[in-house]
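As written, the chain order gives the labels A, B, C and D, with residue 1 at the start of each chain.
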Amino acid sequence: MARGAKLLTLGVLFAGLVGLPFFLTGYKLRFVTWLLMWVGLASTWNLFSGYTGYINFGPVAFFGVGAYVTAVLMVKAGVSFFPALLAAGVLAGIAALLLGVPTLRIRGAYFAIATLAFSEATRSLTLNLSGLTEGGKGLMLPIYNNAYFFYFVILGLTVAVVATVAFIQRTRFGITLVSIREDEVASQVLGVNTFLNKMAAFGLSGVFLALYGGIYAYWQTFIEPGEVFNVLYSVQMLVMTFLGGSGTLLGPIVGAVVLGAMTEYLWATFTYVYLIFVGVLIVATVLFLPDGVWGYCVQTQSRRRRRAQPAPVLE
Amino acid sequence: MLHLENVVSGYGKIEILHGVTLDVRTGEVVSIIGPNGSGKSTLFKTVMGFLTPAAGAIRFDGREITGLPPEEIIRRQISCVPQGRCTFPHMTVKENLELGGYIHRNRQEVSRALEEVFAQFPILKERRRAVAGSLSGGEQQMVEMARALMLRPKALLLDEPLLGLAPKVRGVILDKVLELNAAGGTVLLIEQNARRALEIAHRAYVLELGRIRFEGPGGELLADKKVRRLYIGE
Amino acid sequence: MDWHPFAVAVIDGILLGGIYAAFSAGFSLVFGTMRVINLAQGELVMLGAFSAYWLYRVQAIDPFYSIPIVLGVLFLVGFGLQKLLINRIIAKEPLVSLLLTFGISLILENLALRLWTGDYRTITTSYTGSRTVVAGVTLSNMRVVGLGLAMLAMVGLFLFLTKTKIGKAIRATAQHPDAARLMGIRIHQIYALTFGVGAALAGLAGVLIALIFTIQPAMGGFYTLMSFCVVVLGGMGYVPGALVGGFVLGIIQTTSATFLGGHWMEFSIFATLLLVLLSRPAGILGKGIVE
Amino acid sequence: MAETLDFLLPHPEGDTQMLALKQLTKAFGGVRAIDNLTVSFEPHRVHGLIGPNGAGKTTLFNLTSGTLRPDNGEISFNGVPITWWNPWNIARLGIGRTFQTIRIFPKMTVLQNMMVPYGTDPSRSVELLEFVGLREFRDAPARELSYGQQKLLEFARALVTSPRFVLLDEPTAGVNPILVEKIMGHIRNLTRDGKTFIVIEHDMKVIMNLCERIVVLHNGEKIADGPPEMIKTNQQVIDAYFGD
């Protein structure tokens, strides 16, 4: 696509997203807001795991921390929303860096299990620090009943996340992250400080996840550890990204929209069996579209483009 | 006995063998030499079924084996010693050898083969209870040879069997190859160690950049000025 | 200090640990042989538990007699899953096997919910509540028998892997799949068998769990998490390590519940898991596979 | 251990040692890949590193570039001890390398591969791609190149940041003869411009033509060290490597 056409598409899309809430009400607006949040969460997961190949199996830890820091600051300390959210982001970033130092040395399945253990430990800790978090009873936040507010805050954050990923993809930082996924040792002997790069991406993803968590808490007005630290949320980020195509800008967006819309439809239509369909969908994607929906499109497209050129002369 | 005809093979889109034709007749020792990157390993993997040729045919003992996976090719009684360490490191020498006779249905046949192999490699009999991973490089290489013989193969493929071994051990391994051949065994030897490989071969092929460059009796190639200069470093 | 509660906690932990060891050994065997992290292991435990439950309710088969049937059924389920699905993704990156087995777990769990509803169920037999007092410690007979059976299964697994031809083929495949193929071992068949054995062990643990605890279709996730912990503690892919990991985890669980309170139990487990993973990635015994 | 022939070599800058390995040992499961090895390499030369497979050549590269840690011994570069440094810091010090088994980034394009090295310069990337004849493939995924082309890409990638000291692990294996000549010429030019190379190579033609000094390893030990003419006639080398 030409640059102009691209910008035009982006402009139209953006205008559409800004105007959209005024044509929707109640349930539908909530759904679109929810979908935007998942687009952002999947993109955030992709930002670190999709590009570096380190599978974060516990991203919900940072989401939950963000939710609780925001909630506790608002409820117990009377801080207003945005400062509380900011504090949540900073704290989660620090937590991510502290976790990253020991865990980013281990790879593959071990990293996945370590991050999962971290998220479960954090959930359990939150449950137990009942002086601060009210434990299993959950926390009630000040009620702010303005669907437009949450729509636009989430839209803004998601646009920021996607723009960040798009920007990173164009910089050396992005290339570096991919090189870590493709061959970490080779990257190191080329002078790339892989540790620092992994930490930066991990920390950044932690901050974004926490921001979503904070907004989510205020939006839902009630949170409890079992929900905001739900392992299934972690898995959903992973599944959405993989479904669309990990390590690509549009993959997680496509994946989140497809899976989000599908579960919504299936849930409404076959309330009791929709998770079976989701399971089948995951299995089918893994077996038949290993690069994801978007990844598949990109590949066939580039293959076609290359076929149109004269065949490369091999030595 | 083993016949490759115009075999084209490689990894995915990368073609490494660009049409290789070669023959190994019953009772022969045939060597394939060539520099690193010439496609020797690819050739080995293609014959043993780890890679499927993109074109061409491989026949063994009169039957087509093109495209069969390794576990089926083994059942046609071609045995091999792959490159690098390929013992089962946490199992004993005896267990390793017994696995060499995995395809024999009959227990007695396995123990008979084991007796024979122990007779050929007395040192392995001594060390039969040792865990393979604890053996020296040369001993492990012998375990691999012996394990390959447990199959009672019609032909034996060796992929760089001398790699990383001390000169003395190399001699032992090569002696075993000759012994085997004297007993009527057919051997295909893939080696980078050109001189020795040519010395013991009835016939040899020189592989370069995925194509056969020279072929002929081992001694003749060894005497060839060009081959000496290019592949032996003189 | 009164040692009594501590002794009770440790004994309870050991009794529990045996069962943990059983299903985790299956998980570890599968990981060790084909590097697949089976997120559906807990659902296989659940299937074992429900098989025993239904055999008891519908056919009035005593849970102990149903064990061979459950083992057979779960073996077939595992064999089929591997043959049809998991064999296609062997040797791919870990994310792929995580997703695939997660998809399978989602299907199994929700099929079970659909078939059997979310109700909590228990098997109550004439001997369920029986207890024995040994040296002042009250033991549930069920748990003691459960430990015994779990140990028997572990010994059986050990003998199977070390003494039989198929067992040796499994070990050979785990140690060097390419070399195994060159022995004529049909590794995809071996993988299916291995997964079947892993599933059968989960099934056995399921029966024992059904005899001791309440069961429910969504119970699987917890047991999958527990098998992670056990296997990391014992060393990933090192099957005998599951025994050690199981006991350690059982003891951590019961002692932390006794001394820190039940709500600290989970935290203790996951904090230990994280610490072990970071300080001794090869497990307490140092014999696990490290990438 | 064989006599060391260091004293026969001309030393253009006194006995400056650029890279010095001192009593280096590295074992894998009991087998010593590098066994108490002491050897040094001086600037502005092409050194050949030869020896049978398994002699420890690649292990030496891995230890020097920091991807492996020695069990014992020291490595210093221009007097700086780098034994325990991270690979990236060693690379930034000016030591570049290639791998025997090609390690390009398969899903990245050829040009992106050239953009990974720290301190890379886009215009120089294109220049080098032009040189190795890969410019027209710059936007193709690297995995779609042929074996020889991938080898060339790795060569170009190692040079894009102009390292002072380059370790090349079989740079010409699988590359066609015309390009081999070209690569050799390039290495010579770069040496004239002040760079230093260690080349692992099995192709004796390349080694003998290119290297001013050859180090022969066998079972992790240095068995000979000297100019090509000397190595060719060294009986121990003939036994261990050429002959046998």
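The rule is short, and it goes like this: contacts are C-beta pairs under 8 Å (C-beta built on N, C-alpha and C of every residue); 3 or more make two chains touch, one makes a residue touch a chain.
Here the structure is a predicted model, which is why all the values come from computation and not from measurement.
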Discussion item. If you apply the touch rule, which chains end up adjacent to both subunit C and subunit D?
Written reply: A, B
Discussion item. With a step meaning a move to a chain it touches, how many steps does the shortest path from subunit B to subunit C take?
Written reply: 1
Response to the item:
If chain centres are mean C-alpha positions, then the most distant from subunit B is chain A
Worksheet item: Where are there more C-beta contacts: A-C or B-D?
Response: A-C
Discussion item. Taking the mean of the C-alpha atoms as each chain's centre, how many Å separate subunit B from subunit D?
Written reply: 30
Discussion item. Quick check: how many Å separate the C-alpha centres of subunit A and subunit D?
Written reply: 43
Discussion item. Rounded to a whole Å, what is the gap between the Cα centroids of subunit A and subunit B?
Written reply: 51
Worksheet item: By residue number and range, which residues of subunit D touch two or more other chains?
Response: 146, 148, 176
Discussion item. Touching at least two other chains at once: which residues of subunit A meet that condition?
Written reply: 314
Worksheet item: Which chains touch which?
Response: A-C, A-D, B-C, B-D
Response to the item:
Note: in the complex, subunit D contacts subunit B through residues 29-31, 52-55, 100, 143-148, 150-151, 170, 173-176, 202-205, 208, 219, 239-240, 242-244
Item to complete: Could you pull out which subunit D residues touch subunit A in their complex?
Response: 65-67, 86-88, 90-92, 96-97, 99, 103-108, 112, 115-120, 136-137, 140, 146, 148-149, 157-158, 161, 176, 179
Worksheet, complete the sentence: Listed in rising order, subunit B residues that touch subunit D in their complex are 10, 12-16, 35-38, 133-134, 136-137, 160, 163-167, 170, 192-193, 195-196, 209, 229-230, 232-234
Worksheet item: For subunit A, which residues are in contact with subunit D within the complex?
Response: 172, 175-176, 178-179, 182-183, 185-195, 306, 312, 314-315
Worksheet, complete the sentence: Note: in the complex, subunit B contacts subunit C through residues 48, 50, 69-71, 74-75, 79-80, 82, 86-91, 95, 98-100, 102-103, 147, 151
